[in-house]
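Both complexes below contain chain A, partnered by chain B and then by chain C.
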Partner chain A sequence: MTNMSGKFSRALLYSILIVFAVYYMLPLYVMVVNSVKELDEIRQGAMLSLPQKFTIEPWLSAWSTAQIGVDPTGLKPYFINSILMVVPAVFLSTMLGAVNGYVLTKWQFPGHRIVFGLLLLSCFIPFQIVLIPMARILGTLGIAGTTSGLVFVHMIYGIGFTTLFFRNYYDAFPTELVRAATIDGAGFFRIFYRILLPSSGPIIVVTVIWQFTNVWNDFLFGASFADADSQPVTVALNNLVSSSTGVKEYNVHFAGAILAALPTLVVYIVSGRYFVRGLMAGAVKG
Partner chain B sequence: MPYRAKLQDWLPRLVLSPSVALIAIFVYGFILYTSYLSFSDSRMLPSYGLVGFANYERLFGLRHWETALTNLAIFGILYIVICTVIGLTLAILLDRKIRGEGILRPIYLYPMALSFIVTGTAWKWFLDPGIGLENVVQTWGWTDFSFRWIKDRDMAIYTVVIAAVWQSSGFVMAMFLAGLRGIDGEIMRAAQIDGASNFNLYRRIIIPMLRPAFLSAFVVLAHLAIKSYDLVIALTNGGPGRATELPATFMYSYTFSRNQMGVGASSAIIMLIMIASIIVPYLYSELKEKKA
Partner chain C sequence: MAFLEINQLHKSYGPVDVLKGINIAIEEGGFLVLVGPSGCGKSTLLNTIAGLEDITSGAIKIDGSVVNDLHPSKRDIAMVFQSYALYPSMNVRDNIAFGLEMRGASKEERADAVAGVADMLQIGHLLDRRPGQLSGGQRQRVAMGRALVRDPKLFLFDEPLSNLDAKLRVDMRTEIKRLHQKLSATIVYVTHDQIEAMTLATQIAVLKDGVLQQVGSPDEVYNTPANLFVADFMGSPTMNLIPAKLEKNDAGVHVELSRESGSIILPVREKAGALDKLIGKNIVFGIRPEDVTDAEGQDAAATDVAQAECHVEVVEPTGADKYVVTHLGGKELIARMRAGFGVNPGDKMPFNFNMGKAHFFDPASEMRVA
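After this line comes the complex of A and B, so read on.
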């Protein structure tokens, strides 16, 4: 009897888990199958069916010929913009975070706790609060509407999180090692390069993934500070999907959405473990 | 070499100073600047004539702002509650020695890697009555089936909840799962030996022990809810009409398209106050605990 009910509750448990898996997969499934269908098929209410006639056309269109803004360029140039923005922004904010974390744990000075608190708090501000002055400053600096401007913005607002990650990681690193090296005459940078950095692999991966995902997926800064020719792919995708002129090419929209999501999805699939660790470190602070 | 020693002494602070300066200017300086603008007569461009609380008075007299706040309340509460319920349920179920956990967990979590613009696009067309769910169910034979929340002024805000919960609930699951895995197995075994039923075990022992996870989940979700912008833009663009306006979309349109920068700045300040009242006490207690 208990065995029976045990089996039943196991079955129930698995069914619930599978139902949720279907729920989470559904939008991705919808995007994928409809991105290789012809438009007529989608209009006939076959959104959940597999394509009757497979076509790669929507993907080609989303990538290189779809109308975005005024030009029929596809997402390609914007995808490149995103790459040009992400790489330096991630590199710079990660570097700053690493040295900040090092100073805040191994070279503590009076008031280091307050400095950390203020850096940390900066992670959570609603960015609406900086939009107006930032637009002006970027203009003054001559980088308004450029990719460099976006790199600058993302670097600044990444510092809080990257510092948090490295600080927590270095906090657990034995301070005796640093002290011993100081006694041996090693200086500030030497200790960092020779002792801390070589063992920072995991936290660098976590930080890079976190920053990459955030910067790639950003929309607000891209929409506020980019010109037509420096827009990141998220902004271009939104323009593609919400443009009110012409026929709505759902299949192209879906292909475009997958293209825009692909880099972060690939990172997630390849290194999900580190991705989750970053999420948790961002959530459970201190 | 006293000179070298002195440099070594200052080097750490010197290295930290660019970051501190950037944050001081671009975060705290900008907050001050925006608060100043919220008391100014700025319209299309910043202007520095002070007008007292006039912008705030206007703001709270605006129907749009009232809609944005009401929507935030509906959206925020449902988003937090549903994410927590789904996240906790999935975590508890997954923690019961499930075969295939390694496959299920990443499936629950991957939406977190996507941009809200992608999520918005997918749900926008999936919920679209013309080609999405309604149409599909009708072609299955239920010709009366109707599901047009996304086009309905009274229901559209709930579609934002649906999409946002889809994106974040897996993350909440991961937070609770980490909490559950941190609980000592001995406690569970002792309670089971005492004859506690599974339900009571969770209700009386395990869920109370997850308090820190509940708190973190609440703080993260609440601050995401207040900041929500991209998802609404991609899913409904604030519509139909202004039915899914949130404070973040309100701030953007008043500042940049309606040339009422003073009002826009004051709405940004209100958003900051909302977030700060959640985040500051949380960070304060977290950092203090660490010290003790």
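After this line comes the complex of A and C, so read on.
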């Protein structure tokens, strides 16, 4: 009897999960299917059906020939802009977060809690609030409208979260190791990169995924602080999709959207397992 | 001149005094064990010697020079930690060589030194493993290797055996003692285990609440404890400490211990001379379990033995001995008798007290009188 009801509830559970999975995957399915259809076929209205005639044309167009703003460049140059922005921004904010976490746990100074509290607070500030002051600062530094400017902004706003991640991770790192290395004669940075950093794999993965996703997907800062030649791919995608002249090339739009989302997808698929593990590592012993 | 000298050392965290004027000196090649209950300040004292914690006032001298303000790496010390503190990302070889590398030793020097230490500790086959792949005992050896390889003036051990299981602990204890004899190194060793202290030390320092209670050889600390705390802390099972009264009559000085039915009288002869001032007063009478025996089991060298009939309450055989429990002066008294001695709970039998090894404490000051 109990066995029967157990089977039944299990079946129910799985059906619900499958329904939700289908529901959740449906938009992606629509995007992929329609990005390889010809425009005429889309106009016939069958959004959910598989393509009658498979074509790669929309993808090529979105990548290199579609009209974005005034130039028919495709997403390619903006994709490159995004990479030039995301790599240094992620690297710098991760390294700074790691050093911050190291200092806040192993070289505590009077008031370290307050400093950490303030850094934590920065995670909760809506970005819209800081647009104007940040524009001032970028102007003063002479990096307004450049990729370096965007790197700077993302690095600053990443520090709050990266510090939180590393602080919690290093908090559980045995202090006796730091003491042993001190007696062995290693200094501040030597202890950091010889003892702590080699053991920080999981939390580095977490931080990189987190920062990569945030910086890559950012639209607000890209739209606010970038010039035409430093715009990231998110802004270019918006310009591609929301252009008000000519025919709406839905298949190209779908292809472009997938292209723009692809790097974060790849990062998640490659290192998703570490992501969960790393988040737990910080949480359990923190 | 002493090799390690600690003078009037004070350490406080804000308003809390952790160490209150410690004075210890130890000769070159000595083995000083700092022992005490948890929270007594022994680990803090070790950390101040290492330089991992600043001192509030006083002086620490190593080999004649004051090291108060020297960085830990400049004090020529090596430390073995309770958790071993092996660097998790390095293999055993790099772990051992790390200190040498930081001091700029060449690759060849490092390889030679590691080989020498690995040979001495028999860890040659482990050199390419990571700490995570080692057992507790192996980690312990590697941690010692890391300390030995630098050939420092002073070794510091912070409860190095407390993470090992009981059998391994005894083996490693012997190993440490052997190393000490072989290297004639100067060692400061922290433990809360009084047996480790007794077996390893040339000097024991007993601490309580940041105050040094007694410093002396294991023999002195065990046989002439300076106060009630030391008497109670050293030895297992602990010393019997019983409130009693010291009286004198025509027959001489005697201790009077009360019990449910009347009291028992134990005459004191050898130590009577030192007890004049306490005649007629309350005292704490201390006697170790091995000094209370059955008649045949008594120490053949004992010259001042008193006998009294006692009521056996509990018998605890340990294999080697039998611990026999009775009640005197409102407290339990444990006697150590021979394993083969036939005794049962409820028996009434004579207990032999070796009064030459008895201890007398002043209950007010808690200090030893004789």
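In the analysis below, the second predicted complex is superposed on the first by the 266 of 286 C-alpha atoms of A that agree within 3 Å, B and C clash if a C-alpha of one lies under 4 Å from a C-alpha of the other, contacts with A are read in each partner's own complex, and residues count from 1 in each chain.
Here is the rule we go by: contacts are C-beta pairs under 8 Å (C-beta built on N, C-alpha and C of every residue); 3 or more make two chains touch, one makes a residue touch a chain.
Keep in mind that this is a model prediction, so the values were computed, not measured.
**Q** Following the overlay on chain A, give me a clash-or-fit verdict for chain B and chain C.
**A** Fit.
**Q** Which partner does A:P126 contact after superposing on A: first (chain B), second (chain C), both, neither?
**A** first
**Q** Applying the document's definition of touching, compare chain B and chain C: which contacts more of chain A?
**A** B
**Q** With the two structures laid over each other on chain A, which partner does A:I195 touch: chain B (first), chain C (second), both, or neither?
**A** It touches chain C, and chain B stays clear.
**Q** Kindly classify A:T140 by the partners it touches after superposition: chain B alone (first), chain C alone (second), both, or neither?
**A** Neither: A:T140 stays clear of chain B and chain C.
**Q** Let me test your reading of the model: by the given contact rule, A:I183 touches which partner, first (chain B), second (chain C), both or neither?
**A** second
**Q** In the superposed arrangement, which partner chain does A:P174 touch: chain B (first), chain C (second), both, or neither?
**A** Once the two structures are laid over each other on A, A:P174 reaches chain C alone.
**Q** With the two complexes overlaid on chain A, check the angle at chain A between chain B and chain C, Cα centres, nearest 10°.
**A** Between chain B and chain C, as viewed from chain A: 90 degrees.
**Q** By the touch definition at the top of the document, which applies to A:S242: first (chain B), second (chain C), both, or neither?
**A** The first partner, chain B, only.
**Q** Rounded to a whole Å, what is the shortest Cα gap between chain B and chain C in the overlaid structures?
**A** Result, nearest C-alpha distance in the overlay: 6 Å.
**Q** Please report the chain A residues shared by its interface with chain B and its interface with chain C.
**A** No residue of chain A touches both chain B and chain C.
**Q** Inside the complex, what are the residues of chain A that reach chain B?
**A** The contact residues of chain A facing chain B are 13-14, 16-17, 20-21, 23-28, 30-31, 34, 42-48, 96, 99-100, 103-104, 107, 109, 113, 115-122, 124-134, 136-137, 156-157, 159-160, 163, 187-189, 213, 216-220, 223-224, 234, 237-238, 241-242, 250, 253-254, 256-258, 260-261, 264-265, 267-269, 272, 275-276, 279-280, 282-286.
**Q** Can you check the complex and tell me which residues of chain B touch chain A?
**A** 8, 11-13, 15-16, 18-20, 22-24, 26-31, 33-34, 37, 46, 86, 89-90, 93-94, 96, 98, 104, 106-119, 121-126, 130-133, 135-136, 138-139, 166, 170-171, 174-175, 178, 212, 216-217, 219-220, 223, 226-227, 229-230, 233-234, 237, 247-248, 251-252, 255-256, 261, 264-265, 267-269, 271-272, 275, 279-280, 282-283, 286-287, 289-291
**Q** Which part of chain C faces chain A closely enough to touch in the complex?
**A** Touch residues, chain C against chain A: 50, 52, 72-73, 77-79, 81-83, 85, 87-90, 98-99, 102-103, 146.
**Q** In the complex of these two chains, what residues of chain A are touching chain C?
**A** For this pair, the touching residues of chain A are 174, 176-177, 179-186, 190, 194-195, 198-199.
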